[in-house]
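This is the structure I want to talk about, given as structure tokens.
Chains: A, B and C, in written order; residue numbering restarts at 1 for each.
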Amino acid sequence: MYCSCSAAFGDPANTHLCPVCLGLPGSLPRVNRHAVILGLKAARALHCEIPPMAQFARKHYFYPDLPKGYQISMYQFPLGTNGRLELLTEQDEATAPVGIERVHIEEDTAKLFHEGETGSLIDHNRSGVPLLEIVSKPDIKSAQEAVRYLKELRRLLRFLGISTANMEEGSYRCEVNVSVRPSDREQLGTKVEVKNLNSFRAVERSIEYEIERQTKVLRKGGEVRHATMGWDEKEGVTVHQRFKEKAPEYRYFPEPDLPELLIEGDILDDSAFDQENIPVRKVRALIERFGVPASGADLLMSGVGSPEENPYFITNFLMEAIVRHGAQGTQAANLMTGTVFEFVNRTGMTLDQTDLTPKKLADVTKMVGKNELSSTNAKRVVNVILEEGGKVKDIVLGEGLVQVSVEDELIELVKQVMEENEGIVETIRKGRVNAIGALVGEAMKKSKGQANPKRVNELLQEFILKKK
Amino acid sequence: MDVFNELSIEKLASELEKGRIHPREILRECSKRVSKVEPKLHALNRETLDRAQHAIENWTYDSARPFAGIPYIQKDNICTLGVATDCSSRILQGFVPPYAATVDARVVEQGFALIGKSNMDEFGMGSSTEYSAWGASLNPFDLSRVPGGSSGGSAAGVAAGYAPIAFGTDTGGSVRQPASFCGLVGLRPTYGRVSRWGLIAFASSLDTIGPITTTVRDAAHALSFVEGQDGRDSTVVNLPREDYFASIEKGIGDLRVGVLDVGMADWVDKRVRTVFNANVEWFKGHAKSVREVRIGCFDLLLAAYYTLAPSEASSNLARYDGLRYGPSVNIAEKGKSVDEATAGGLLDYYRKNRGQGFGPEVTRRILIGTFALSSGYYDAYYLRAQKVRTKLRAELDELWKNVDVIISPTAPAPPFKLGSALDDPMDMYRADLFVLMQPMSGCPAISVNGGWTDLDDDGFSKLAACREKSCFGKIVSRLPIGLQITAPPFREADLLRAARAFEREHV
Amino acid sequence: MAKESKTRERERLEITSEVLSGVIDLARLDPLAPGMSLQKDHLKKILEHFQVLSQVSLEGLDPTIQVNPSPLPFRSDEAIDGIARDEALSNARLRTSEFFRAPLILGGEETGES
């Protein structure tokens, strides 16, 4: 954030050091412009009020992972306040957004490894790496909503290229504040802070645990004490770290080594983007305007099968197929969530590494629409393009997948089948209508799968049942 | 003229250019003085004469670097690459910076040769150099008195002829006051003119680096080659390059001078008043106009400065926890193994290191500052002190409409006796009354020798002849009294011009 | 009314021994160091002296946050090599060949932020 050391993850300890991030006497901070831009982008994507000026501030506390004895953060004048994160329900329906209290940027601490009996080891590689802090308002009312919030936020941050936001790698960290109050009370209850949450599951479980624990305390007539708890994943409980009777004394004051950050001009320009383009809005557009089934939308935005897990890649692809090349929305979406995803999951490849293009996808769905290709064979064609490559028409012809839909040919086929299976025809006429299936099967066998089974069925019904 | 009697970088550069002397001779003479006088004076924390020797090894005169080969002293709170820098504090004992301060790098680039790191009040906190963990430096004019602080070692070293130039740092007068106490020129540049990268921070919004020299022109040279953007200090202001020498000899016929009126009757020593009055008379005879000026919030400056500076200091000194630099085993418990000394755990480790590593004045200021920044007190102390700055700035902006420079004594008394201001901390703070206005407003200021005390009047304990010859060619057995000139922000050209005009007729 | 609030303000700003002990703790200085009680006395006097700041009207004044009105300069997002590990470790007394070390956190120490 304030020095030019590499932020690379996983290198040998203490190999990315400089006077600034090591906090050497005489060192001074120098702000990374890109971090500011990304922070502002996040604030704007979260619909925050963007102030004309932000200010860095020193936050003091003593700990071995904090070289200067203070962290250069932001306090009174963050990058944005009073915003919201738009959410969808599990059913991908619009729901109330979660308010965002503030967004600001700051520097990460060094990393401590506890050595057991002898103390700790300190690795400063991570010291000074830019951090984006996003604080939600107390709007979240359930553990599930909290997880949905975290997932949508992650999706947004990944989409905007702000962060890889990976909880397991430590690039997405969260702390939860939980309070409980009787339903008839306006004022919020005393909040308890829960740390050491390393997965969405931990977030969900810990919130549920705390809600239950605090409810029990209150029901017994007790008082919930303000405290910091750690989540114990193994035992499934929150454990006291400290009682915090008063707020910690950070001695915040404006950072004298850094002038004010005026949010104007090219800082604003470079952090601008199209608000309509954010993932949650894209999902809704896919569902409402392009007929993409709700269950598929979330999967399409997940980043699976995309280069660099770009959550927008697959949907871009799909949209291009639909909008530019006339693909049928539901079909195209189903082919993506079905065949394409099955392929990428199996092979580990990304879609851009295959021969499938939006036009080809559109061509396939158009053939199905014209009854030139059955749905089953559509999947097969797409699979071949993915596995081996090739042109749609070539594959359809080459593998003999052209669906016979020409009426005369079908009538001919049906008549033949009826002639060869008189016995079954009799049973059908006598009432066993289900047996038509067997005749359809015969027709398919005879046509080597190229007949349009739907039409065959219709014709059989017409000839057998209606002809009298 | 014996150039070694009036050491000046300009004069030495001229002799070097003419081939009349060699850096080796300069260094030899300076080394002689160091060996003779340093055991008494204690101006240096460490000598780097070998290093200096090495630096001048392959010297030839180069007009692009006219000062190459000339010795200099660096204050021990400015990071010198590979040379220990400890701010005269136990808590930084043995710290060897792996990087150079911008100012030092630029001085080295000019070819100057470092002869030593100077003693100082610990972390810059003090006005006498008595708060050094390594013992006080003494005033070359009278070894029973202080050389001023916190850059006392730098001033004493130059006054004793170790080198023609030293750098110091000025947060609350720490370049100007010791310069005044040692009869030298001390310049505090405008805040934001010189990079603080590598200056071990005391108070970030008040710290500056400035030269201590024997002449005004030397100070102008020094400023010219250390100032300016370096891409590391975010508070350095982008300014076009100025040539101070275009105007430095111009005289002050067009200058409007303000004389600081602070009701000096009570608390200013009468000898200082005598000298200052004579100085004012001189300006009346040479400047365009002279008038009295008042600073309405002058009485608040002491409280405001001594709230603000300790606040920032308490923050800047929070990094001294013994984990990354400095002696990290309990200092008094030498001989213990690392495991034994850390057996008390982290909190004990912090307390012992910081408790024993910081001297009494630093401890005091950390306490003041920690208090003033705590919620509940922040508004009443820190915030109000910052508002006083705004008030001062506004008042000065009004004054600058009518005057180009403001003059005052540098210190309210001549150099005081060792130990005389240690009982009540407020006594030491009051020594700074004239030099706080500039840090609190960002203005530049310079101290030049304004005059001397009278011999009989003063009751000298002994003559302090530190050199074989007399100081500056004159018999000196008196104490120096400094004249301070203050200018608006970024107006060093006027400052230097006024100082030079005065110096020309007084030295 | 004004007199009452001035009294309350004075009480609030009173510098008690408890307050001073809190400050010593916050600054991680040694409460048991010799001379600490003298420091407390000095401190009380100094801070009381500085209450002159509260007695002046500073109405309508903004605090000086920045000395010069210069813009915040930026740095490009490029990695540059810094100090070698050995050099950085050489100033530390507690260390291994790769890490800086810290003593064990026993009870009573803050567990990280706050």
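Convention: contacts are C-beta pairs under 8 Å (C-beta built on N, C-alpha and C of every residue); 3 or more make two chains touch, one makes a residue touch a chain.
As the structure is a prediction and not an experimental result, all values here were calculated from the model.
Asks: For the chain pair with the highest number of C-beta contact pairs, give its two chain identifiers.
Replies: Ranked by contacting C-beta pairs, first place goes to B-C.
Asks: If I average the C-alpha coordinates per chain and also across every protein chain shown, which chain's average lies closest to the global one?
Replies: C
Asks: Between chain A and chain C, tell me the centre distance in angstrom, where each centre is the average of that chain's C-alpha atoms.
Replies: Those two chain centres are 42 Å apart.
Asks: Distance-wise, how many Å sit between the C-alpha centres of chain B and chain C, to the nearest whole number?
Replies: Here chain B and chain C have centroids separated by 25 Å.
Asks: Distance-wise, how many Å sit between the C-alpha centres of chain A and chain B, to the nearest whole number?
Replies: 59
Asks: Give the residues of chain C touching no fewer than two other chains, as numbers and ranges.
Replies: Only 26, 28, 65, 70, 72-73, 83, 88, 100-105 qualify.
Asks: Tell me, which residues of chain B touch at least two other chains?
Replies: As it turns out, chain B has residues touching two or more other chains at 95, 98-99, 205, 231, 234-235, 314, 318, 321, 323-325, 342, 346, 350, 370, 374.
Asks: Of all residues in chain A, which are in touch with two or more distinct other chains?
Replies: In chain A, residues 19, 22, 30-31, 62, 64, 118-119, 122, 249, 251, 258-259 touch at least two other chains, as defined above.
Asks: Residues of chain B touching chain C in their complex?
Replies: Counting only chain B, the residues touching chain C are 94-96, 98-99, 191-192, 205, 231, 234-235, 237-238, 297, 299-300, 303-304, 306-307, 314, 318, 321-329, 338, 342-352, 354-356, 358, 360, 363-364, 366-368, 370-371, 374, 376-377, 380-381, 383-391, 393, 425-426, 442, 489.
Asks: Which of the residues in chain C end up touching chain B in this complex?
Replies: These residues of chain C touch chain B: 12-13, 15, 19-20, 22-24, 26-33, 35, 39, 42-43, 45-47, 49-54, 56, 58, 61-65, 67-68, 70, 72-73, 83, 87-88, 90-94, 100-106, 108-109.
Asks: Which bits of chain A are touching chain B when the two form their complex?
Replies: That would be residues 19, 22-31, 58, 60, 62, 64, 67-70, 118-119, 122, 247, 249, 251-253, 256-259 of chain A.
Asks: In the complex of these two chains, what residues of chain C are touching chain A?
Replies: 26, 28, 65-66, 70-80, 82-83, 85, 88-89, 96, 98-105, 110-114
Asks: With touch defined as at the start, can you tell me which chain A residues reach chain C in the complex?
Replies: Listed in rising order, the residues are 3-8, 12-19, 21-22, 30-36, 55, 61-65, 112-113, 115, 117-124, 228, 241-242, 244, 248-251, 254, 258-262.
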